[in-house]
Amino acid sequence: MVRNFLIVSCRANGDRVAGQIDIRGVTKRFGAKTVVDALDLQVEDGEFLSLLGPSGCGKSTTLRMIAGLEQPSEGRVWLNEIDITDLPPHKRSVNTVFQSYALFPHLNVAANIAYALKLRRVDRSKIANQVSEALEMVQMTDYADHTPRQLSGGQQQRVALARAIVARPNVLLLDEPLSALDLKLRQAMRLELKRLHQRLGITFVYVTHDQGEALTMSDRVAVMHEGKILQLDKPEVLYERPATRYVASFIGDANLMNAVVAQVDGSKVTLKIGDGELSAISATGLATGADVTVSVRPQRIQLLQQGSGPAGVILELTYLGDMVSALVRLNGTDQHLNVLRLNIDRGHPFGELKPGDPIRLGWDAEAAQVLVQ
Amino acid sequence: MNTVEHREQRRLFGLRAPAVVLVVALYLLPLVLILAYSFLESGRAGSVQWVPSLDAYRELLRPDPRASTYNGYVTLLVRSSWWAALATLVTLALSLPLATFIAGRRSTLAKNALLVAVVIPFWTSMLVRIYAVRFLLANGGPVNGWLEALGLERRVFLNTPGIVFAGLVYTALPFMVLPLYAAIERADRNVINAARDLGANPFQVFFTVFVPLVRAGVIAGCMLVFVLSVSQYLVPTLLGGGKANMIANVIENQFNESQNWPLGSAISVFLVVFSLIGTWWSVRFDEETN
Amino acid sequence: MSSARTRRAVSGLSLGTSSVLTLAILYIPVVVLVIFSFNSARTGATWESFTFDWYKEIPRDRQLMRAITNSMWIALIATPVSTVFATMLALGLEGSRFRGKRATQQVLNLPIVAPEIITGVSLLAAFSLVLRIINDVLGRGNADAIRFGRPTILLAHIAFDTAFATLIVSASLRNLNPAISEASLDLGATRWQTFWKITLPAIRPGVLGGALMAFTLSIDNFVITFFVSGPGSTTLPIEIYERLSRTISPSINAVATLIFASSVIVLGGALMAQAIGSRSTVNSDGD
């Protein structure tokens, strides 16, 4: 039975295969529910891109449509400029690491990894080499003879990883692979995944609801919500310059305040907040007098005795171990802000301030972002 | 749905098709045929004439003074259902302690051994099991021989309604124990322990906590056993010897000896309706006492 | 408190006693039958001496052997066919959504919930009608008409065997992580390869269990077979039944004992296979 195997395997520079994905206008409906809504996404060759969002935002469905396990209701999916939308998963040179690992229970570790190679009729001797290479990459060399049942969650996940990369796919898809692991293991695996990505050089598309994971590992992150991408940027940009309220509160902690535009000076705007004025950066053009929301990270807010910023009062100081948090109320509103300081030096991070003290807020202009919605 | 999804649905349809065709052709359509036959006239050399007629139902509902073994088909139907219902209750009473006992074993070995002990009769041919009872209680059988050896008189055990009833229970036991065991095993022990912890005595625990938890399994087991018992053929035949007939005997008689297929079909329709009522009633009972 | 402990002891004791009683009811008749199958006396009233004579008679009983052959022929064909149909059905049902799924499942439940007497007479009616039409079309008269026989029995058996086997295969399939077959497709296997290399080995206990159930149901079936068999296609249960209406020959006890013993052996084998099967693996060289 002759079967043409691997479609779509363009050789770019030398041995490495390219993995450039283009998702154009993809919509996915399940019955009356639209899970992915007119999505446009381009994943660059060799990058580590994360799809970040809460459950139900459509990130896993998007991943499955790249893998071919789901079909778009509308739109097309391209890999290296070839339309793969109608190709079944076994014809796509895209491999997935599943959330439940999905190791084949009746095969041992080596056989699980060798599966993809056997299907491609690779030479027996070459299979052995590639399997041990893959095992070494995930540090599971001693476990070749084990069965999945004998492995812990973390070990199974590594075998799943090895199984997916052994045939050098164009793209590796990872569907929340770390979600079932405990905290310490997750943190260790983040580094290993990053290292693996650098070593293999193939495109990684990673799905997670954990923003810490997304921010530490990715070249770029797409924040998804209700089937749409709200913002696609490098991690630092997402953190410093969130585009919307949702992104601001999803990534890290954000203090959101209502403000009125007092003055516009290019991308720097002066805002009237409460009874004071402070500056912020805006990505879009604004008109004076416009009502906006400004977002500032907790560790960038200064609590001053006096200044031009709005007045407030300290409600509580909470000791968090590595940090101390101050809960501040903005005068004349019931808006509460969270201010954080690292507990570095001896003595109180907030100096002499105590609950009940009046303060004035302050921050650097480039620490504050005006939000679109 | 695009082409790939279409292909997939077609593939799955193809996988289901043979079995569905088989069951529709050999179960659904024949049932419809029987329903149709009940409204036709009886043919001479067996089978039917394709002439519409309500004769079969009239015959069914008419008390028949000439028949010596039963007075009217309806009486027989009612009697069979009554026996089946009673047998279900007796079977339940016997099965519940056993199922609870097995579920309560702490040693896995004991539990598995007991389960195997229950499964063996379940797997054994019903014919063999019923014949064993007949052999045991026959006039020239071991029990009578044992009675004689004790100086007592031989007794007639077989060919009475009593032994048929006992036979129904005996046949149904394995079919009740297993679903009951499954339901008890699945019951959340924490709820029972919580009730005991809060001070309920064993009776209160049983009725207010245990029974509701296993009710689904009990209903399922009873439904199964009722339908099995009401439609029993071998038990009344082998143990009743014609003196304690049930519906299945009459149906068989009409199709084989008497060659009145429409009447046999009409009685079959009634049997199906009775079974459906029985299952509907038990589901209703479950919902009402919820 | 001693009254609570005595109460518990009493309830425990009555539970145990009642359980023993139930088990006794279940086993005494068959155990007595087995014992008396070795009794050289012709009636069961007295015990004469231990003998294998009734067993030795079995191979010499031509009619009985023919019945056994018929039963085996039917069971050995019905089992693989129904197992294949059941596996296909399970694959086509589990985890797939389609319009009319509920209705289909109700229909597929019919062989399991329908009383055997009803199935028997309805198949009698249906086969009679169909055979009459076929014979008319083929112009076969009384002499060479196609009658009830092994093929009609076989059809009926395949139908109910498939329904029951599907229960077992489906249960096995439901326990399987669906991501596993997705992983196989994802790694480059076609649906067909995925089935053979991944799904089937994973559900093998279920498939074997289904086959076992089908075989046992076929061998033991009486009521349905009774209505769809014809002259010359007597199966073992029918043969036993017919002999019961004549004088009881003690060799029936021997046959019954053998049937009982074989179901115990088969059940034991199945349980052992299940215990072993849950510990087997295949390494990368074996496939």
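We just call them A, B and C in the order they show up, numbering each chain from 1.
Everything below uses one rule, namely that a contact is a pair of C-beta atoms (placed from the backbone, for glycine too) under 8 Å apart; a residue touches a chain by one contact, two chains touch by 3 or more.
Since the model is a prediction, treat every value here as computed from it, not as a measurement.
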{"item": "Chain ID, smallest distance between chain and overall C-alpha centroids", "value": "C"}
{"item": "Of B-C and A-B, pair with higher C-beta contact tally", "value": "B-C"}
{"item": "Chain whose mean Cα position lies farthest from chain A", "value": "B"}
{"item": "Averaged-CA centre spacing for the pair chain C and chain A, given as whole angstrom", "value": "55"}
{"item": "Interchain centroid distance [CA atoms averaged], chain A/chain B, Å", "value": "60"}
{"item": "Chain B and chain C, separation of their C-alpha mean positions in angstrom", "value": "17"}
{"item": "Residues of chain C touching at least two other chains", "value": "none"}
{"item": "Overlap residues in chain A, where contacts from two or more other chains coincide", "value": "88"}
{"item": "Residues on chain C engaged by chain B in the complex (per definition of touch)", "value": "7-8, 11, 14-16, 18-19, 21-23, 25-30, 32-33, 36, 43-46, 85-86, 88-89, 91-93, 96, 98, 104, 107-108, 110-111, 113-119, 121-126, 128-129, 132, 155-156, 158-159, 162-163, 166, 191, 216, 219-220, 222-223, 227, 237, 240-241, 244, 248, 252-253, 256, 259-260, 263-264, 266-267, 271"}
{"item": "Sites on chain C touched by chain A in the complex", "value": "177, 179-180, 182-190, 193, 197-198, 201-202, 280-284, 287"}
{"item": "Touching residues on chain A, where the partner in the complex is chain B", "value": "71-73, 85-86, 88"}
{"item": "Partner chain C, residues of chain A touching it in the complex", "value": "3, 5-6, 67-69, 88-90, 94-96, 98-100, 102-108, 110-111, 114-116, 118-120, 127, 131, 144-145, 147, 163-164, 167"}
{"item": "In the complex with chain C, residue positions of chain B that touch it", "value": "9, 11-16, 18-20, 22-24, 26-31, 33-34, 37, 46-47, 94-95, 97-98, 100-102, 104, 116-121, 123-129, 131-136, 138, 140-142, 144-145, 148-149, 170, 173-174, 177, 202, 227-228, 230-231, 233-234, 238, 247-248, 251-252, 255, 261, 264-265, 268, 271-272, 275"}
